[in-house]
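Sharing a structure, written as structure tokens. Questions coming.
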Amino acid sequence: ARAEVLIFAAASLKEPIDQIAEQFDDVVVSYGGSGTLARQVTLGAPADIVLLANTEWMDVLVAGGHVEADSVVNLASNRLVLIGPQGTIPLNLEPDALRNAIGNGRFAVGLTEAVPAGIYAKEALQHLDLWEAIQDRLAEVDNVRAALTLVARGQTPLGIVYRTDTRISDDVAEVAVFPLNSHRPIQYLGALTDDRNDEARMVLDVLTGVQGQAIFAASGFLPPTGNAK
Amino acid sequence: MISVDVKKRLGAFQLDTQFEAPNGVTAIFGRSGSGKTSVVNAVAGLLRPDAGRITIAGTALFDQASKTYLAPQQRRIGYVFQDARLFPHMTVMRNLGYGGTHDAARVIEVLGLEQLLDRMPARLSGGERQRVALGRALMSDPQLLLMDEPLAALDAPRKAEILPFFERLRDEVQVPILYVSHDVSEVARLATTLVIMEKGRVTTSGPVGTVLSRPETVPLVGPRAAGAVIETKVAGRLLDDGLTELAFSGGRIMLPGLLGVLGQTVRIRIPAQDVILAKHRPADLSALNVLPVTITQVAQGKGPGVAVGLRAGEDQLLARVTRRSALRMELAVGQQIYAIIKATAVGPEDIGT
Amino acid sequence: MISVDVKKRLGAFQLDTQFEAPNGVTAIFGRSGSGKTSVVNAVAGLLRPDAGRITIAGTALFDQASKTYLAPQQRRIGYVFQDARLFPHMTVMRNLGYGGTHDAARVIEVLGLEQLLDRMPARLSGGERQRVALGRALMSDPQLLLMDEPLAALDAPRKAEILPFFERLRDEVQVPILYVSHDVSEVARLATTLVIMEKGRVTTSGPVGTVLSRPETVPLVGPRAAGAVIETKVAGRLLDDGLTELAFSGGRIMLPGLLGVLGQTVRIRIPAQDVILAKHRPADLSALNVLPVTITQVAQGKGPGVAVGLRAGEDQLLARVTRRSALRMELAVGQQIYAIIKATAVGPEDIGT
Amino acid sequence: MIEALGPEEWTAILLSLRVALVAMLAALPLAVWIAYVLARKTFPGRQLLNGVVHLPLVLPPVVTGYLLLVLFGQQGPLGGFLDQTFGITFAFRWTGAALAAAVMAFPLMVRAIRLGFEAVDPGLEQAAATLGASRWRIWRTVTLPLVLPGILAGTILGFAKALGEFGATITFVAAIPGETQTIPTAIYGLLQVPGREPAIVSLVIVSIILAMGALLVSEWLARRMAQRLGGT
Amino acid sequence: MIEALGPEEWTAILLSLRVALVAMLAALPLAVWIAYVLARKTFPGRQLLNGVVHLPLVLPPVVTGYLLLVLFGQQGPLGGFLDQTFGITFAFRWTGAALAAAVMAFPLMVRAIRLGFEAVDPGLEQAAATLGASRWRIWRTVTLPLVLPGILAGTILGFAKALGEFGATITFVAAIPGETQTIPTAIYGLLQVPGREPAIVSLVIVSIILAMGALLVSEWLARRMAQRLGGT
């Protein structure tokens, strides 16, 4: 049964988007990695709405005419946080402090060249001059959830994830928050693949509207920062 | 009429065999490793010769010159393999019917397969397996039957039961048969033609009577195997004694058992070793058959035996005596003497119809 | 001394076999499906009986009562299977040496395996395969040898070559042998004890000479198979004639071939059908052997034959004549008559040493 | 355990079953044929075919999924053709999930079935040929039945793989609930949300039960076949 | 094509090879043993063992990776034990990548090898037993050589799978260049960013070449074995 509105959404948005979709009878959401979703859309995926955690891929979709440039909206933002297993004491974001905390262990992040959370993490670490100190101690994984798991299972003493991710596991604690200016703003962007699809436009409007924003906030997301292009 | 001419290199072994097989049973006889199975495989289409030509009744199954090579299934050949090759996943019944159900009831009865029909091949004894393989080939109604030592795994009574069926097959259905065997009694009884192979080549071939009653054959087939094969007619039946009197050009022979009806043709093999020679007609002997014969040949073998060719009427007989006897009796070509053949020495497996 | 008592249900077939096998060769004889292979498998440890007991020299290999059940490898048994079972991934040489290299050179020589040593089993003919299997079992130096129709796939000359080796084995190595065979010549020549099986049960057993020269045995083994087995001693060798003179309690017998040295014991089988009876000593016959004998039994069979038990000295002979001859000659127990045995009728496969 | 599963998870379970079954049924004839060809025939390009069959095993599943998308997507050469000619669409449909599962399972099926073919005694096929059976009849009545254990093994391997396939599926057809969201993709989604561990565990257990059930059935069938052949 | 590959990609290629080879070598004895046990023995728990062996096939790779993490991670019961007793660490080490590859390849190897065992004629083992060979010698000299084609097939399947394994590997040992970043992880990373297609294509081609090479070697070995047995 093909739904009226099919949303392709970044997996990290699952919690709030599921809640919003529940309010419609005929909205169906397919979650995946932002890169995967974007490629699928370029190859003709029947999505009506695309929600990505990555501005770069949205640029590609816009440039290729796969989404309506005018419809691109900024949905929410997030904070990058440093986490450790439950009980880890808060840390200063300084090389020595990090190195000590890591010890012989490793530092869990998303793929720093590929996964949005990893790309932001690399920017922040470089900005804070921490990159040199831990570059050789990284354990890069294919999505933020995996980084969270590594920390939660005590495999790595530290890791970088979105603040929203820390809600998933009781076994991790936030030990530091990266300053907003240490990395490009974290933007979750939405767009329509077809301007004339009114129902899809309505759904997207709900996401940016009061009700949608409240749900994002309840899941730990921050209001959108900066402007969608 | 089957004509075989095959050349094939198999490792160090060179097969280079030519022979003609008229209708009836052609036995291929030869020691282990002489190439019998290879020849039969070539005829079946399972071994592609390097060169040569194989025809049945003028139709080429294989001809290197004209690049003819029929697939096995196009040859209508029934093959009883040395190693049964029953389909392990089918019951005996389904195995039997695989190639057809020609004459099914009779085949099942004669081969004694009734009790086995629902069995799986893994639960058969060695001999049972071979009987089923035989039945399967027969029921496919072949134009040529190949048998690679089909009876080797059977016991004597079972053999004796099956052989008459082969004979009927040979005589009634007119299916030519290529028959590989180690057993001269079998060969003599069934075969019309005998092909003797050695190291991939044919050393002797011809009508079985001629080949086996030639003194030169003795070393080829072994002393026990040599013997004459003669055609006789049933001339009388002594019901009380359970004997049959057979007439042939050289006189009459009395054999135990009631063999066929009056006037019927019966083929018997008289093993050379079972013929005793006497200069004078002896009396009061348990041997019933005393035939006047003329010596045609006295061939000295390498061993202690002397093969003596005999003419009885127009038929050839063969006797094998010790050199000492030959000398003592001063046997010489042209002599008129008596051949004594014990009635019971011609065993039932030497008598064919 | 092997003692076998096995009960085993196999589908609809019930094996219930008891016999004792003294040292030497015990032949198991019986038609296809009578349970021979099953018995042999039970002795080898490949078929676990439902009940019974199997011992070699007093040691139990299997004993239901005491829950003894030795694994095949603990039994030191050499088994020549009906279907060779060579290891397909090993050369003939490696197959041979698998169970040991006992007497390797001699085994290879006697079985004529020199040319085959580097071959893979897939490239052997049927007979070659069986010879290798035989060699492999022999080289494992077994305390008991099981042979399931080991010679069925061999041609007569090859058989004749191998049989003496078995005899030597029997006499020198003192390895008891259980020997399954369809071939009475083989049985008579090799076996000391004969066990005849029918439908899973033993119908007759005993020393081979006794069993085979009993007129009652004729219907069990078939008329051609019956015959006396007697022990003789080499009394002289006529080198010029290539004959050997053998002495036994009933006189002297001259046989072709040079059989052993002076004084050696030689066992011969005299097939019942090859004995001719005469009331008077005949003259001028090619048959070299004429023995005075006394009739001990005249047994009328179902067919046209009459089995005549004879005493020659202290040995038993058996003759088979037609009823007609028996009547005509008025044969009766106690009569003194002559037995004529053709020298060449006792074929080489009937002579053991 | 069952309570933890919502309607969306149940839908995913049923879909997974359907996808795995359809994938097996559709792939089996081709797998048997390719296995036969690889086991018995020599022809130029044999090694190439062998390589292509193994590709889905060698490549990361995501790449396979991506290649499927390129080939069978609406714009893809095969996808467009099939859509226009037969009206079959794969991209982002459950049929595509079945295609992905079949492709990923294919090397496993082919290898197991091929081993089966290699174990059949050619002597039996020769015997059938001398009995006049056509190639096709020999194949159907002698070869195939004797290969059944291999086919069974291949099918069960393929079925298990089809149940577990994730990377190629999510790349090729995404994870659309009710259409392409299978058990593995559902688990992936649940991993992103707090507090859904019970549902994840339940889905994992359901996967295991399905696979174990299939395994038990296949073992039972294999034992029956062996008994028929072995005669005990 | 080669220009598209940076030093990091080359490192990944060499690592992938090492991981796949080590995984095969280490898993083979166990796979052979388990296959033997499953093919020949009956014991309580046989079906359970069979099920456990198939698990990595049924479960989404991420779940398998997670379970490996739980079991073999530094705090895991097995991980801690192995670390303390033998000094073997898996977490974030190439050895862990090999472990993940081995586990994922295991069901494929076991199945192929098991089919091999099932094709061996027990009559040959009986013959060896009557020749006095111990169980172990029979196993080594008769059974095992006859199972070699199955072992070869299992190994090549496993090797291919090990080359392609992604999900379980990255979840268990992440992607550390030079230590655990294999070809599939590298490809995954490249796929997530626009415009890296040339490097992806190059890596895919290298994967294919490696697997094809292994396939060709295995086919050649198999043919040699068949020739020895078949006598042609």
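For clarity, chains are labelled A, B, C, D and E in written order, and residue numbers in each chain start from 1.
The criterion applied here is as follows: a contact is a pair of C-beta atoms (placed from the backbone, for glycine too) under 8 Å apart; a residue touches a chain by one contact, two chains touch by 3 or more.
A quick note: this is a predicted structure, and the numbers were derived from the prediction, not measured.
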_Both-way neighbours, i.e. chains that touch subunit C and touch subunit B_ = none
*Where the contacts of subunit A and subunit C overlap, which chains show up?*
E
*When the centre of a chain is set as the mean of its C-alpha atoms, what distance in Å lies between subunit A and subunit D?*
34
*Whole-Å separation of chain centres (CA-atom averages), subunit C against subunit D*: 60
*Any idea how many Å lie between the Cα centroids of subunit D and subunit E?*
20
_Numbers and ranges of subunit A residues touching at least 2 other chains_ = 36, 39
*Which residues belonging to subunit E are in contact with no fewer than two other chains?*
62, 188, 191, 231
*Sequence positions of subunit C contacting 2 or more other chains*: 11, 83, 119, 123
_Under the stated touch criterion, can you name all the chain pairs that qualify?_
A-D, A-E, B-C, B-D, C-E, D-E
*asked:* With touch defined as at the start, can you tell me which subunit D residues reach subunit E in the complex?
replied: 47, 50-51, 54-63, 66, 107-108, 111-112, 114-116, 118-119, 149-150, 153, 157, 160-161, 163-164, 166-167, 183-184, 187-188, 191, 204, 207-208, 210-212, 215-216, 219, 226
*asked:* Considering only the defined contacts, which subunit E positions touch subunit A in the complex?
replied: 62, 66, 69-70, 73-75, 91-92, 170-171, 173-176, 181, 185, 188-194
*asked:* Using the touch definition from the top, list the residues of subunit A that touch subunit D in their complex.
replied: 1-2, 6, 8, 11-12, 14-15, 18, 28-32, 36-37, 39-40, 43-46, 145, 167-169
_Sites on subunit C touched by subunit E in the complex_ = 44-46, 71-73, 75-79, 81, 83, 85, 87-89, 98-100, 119-123, 136-137, 140, 146
*Along subunit B, where are the residues that touch subunit C in the complex?*
10-11, 30-33, 37, 82-83, 119, 123, 125-128, 131, 149, 152-158, 160, 182, 184, 222-225, 238, 240-243, 254, 256-257, 272-274, 276-280, 282-288, 303-305, 319-327, 329, 340, 342-345, 347-349
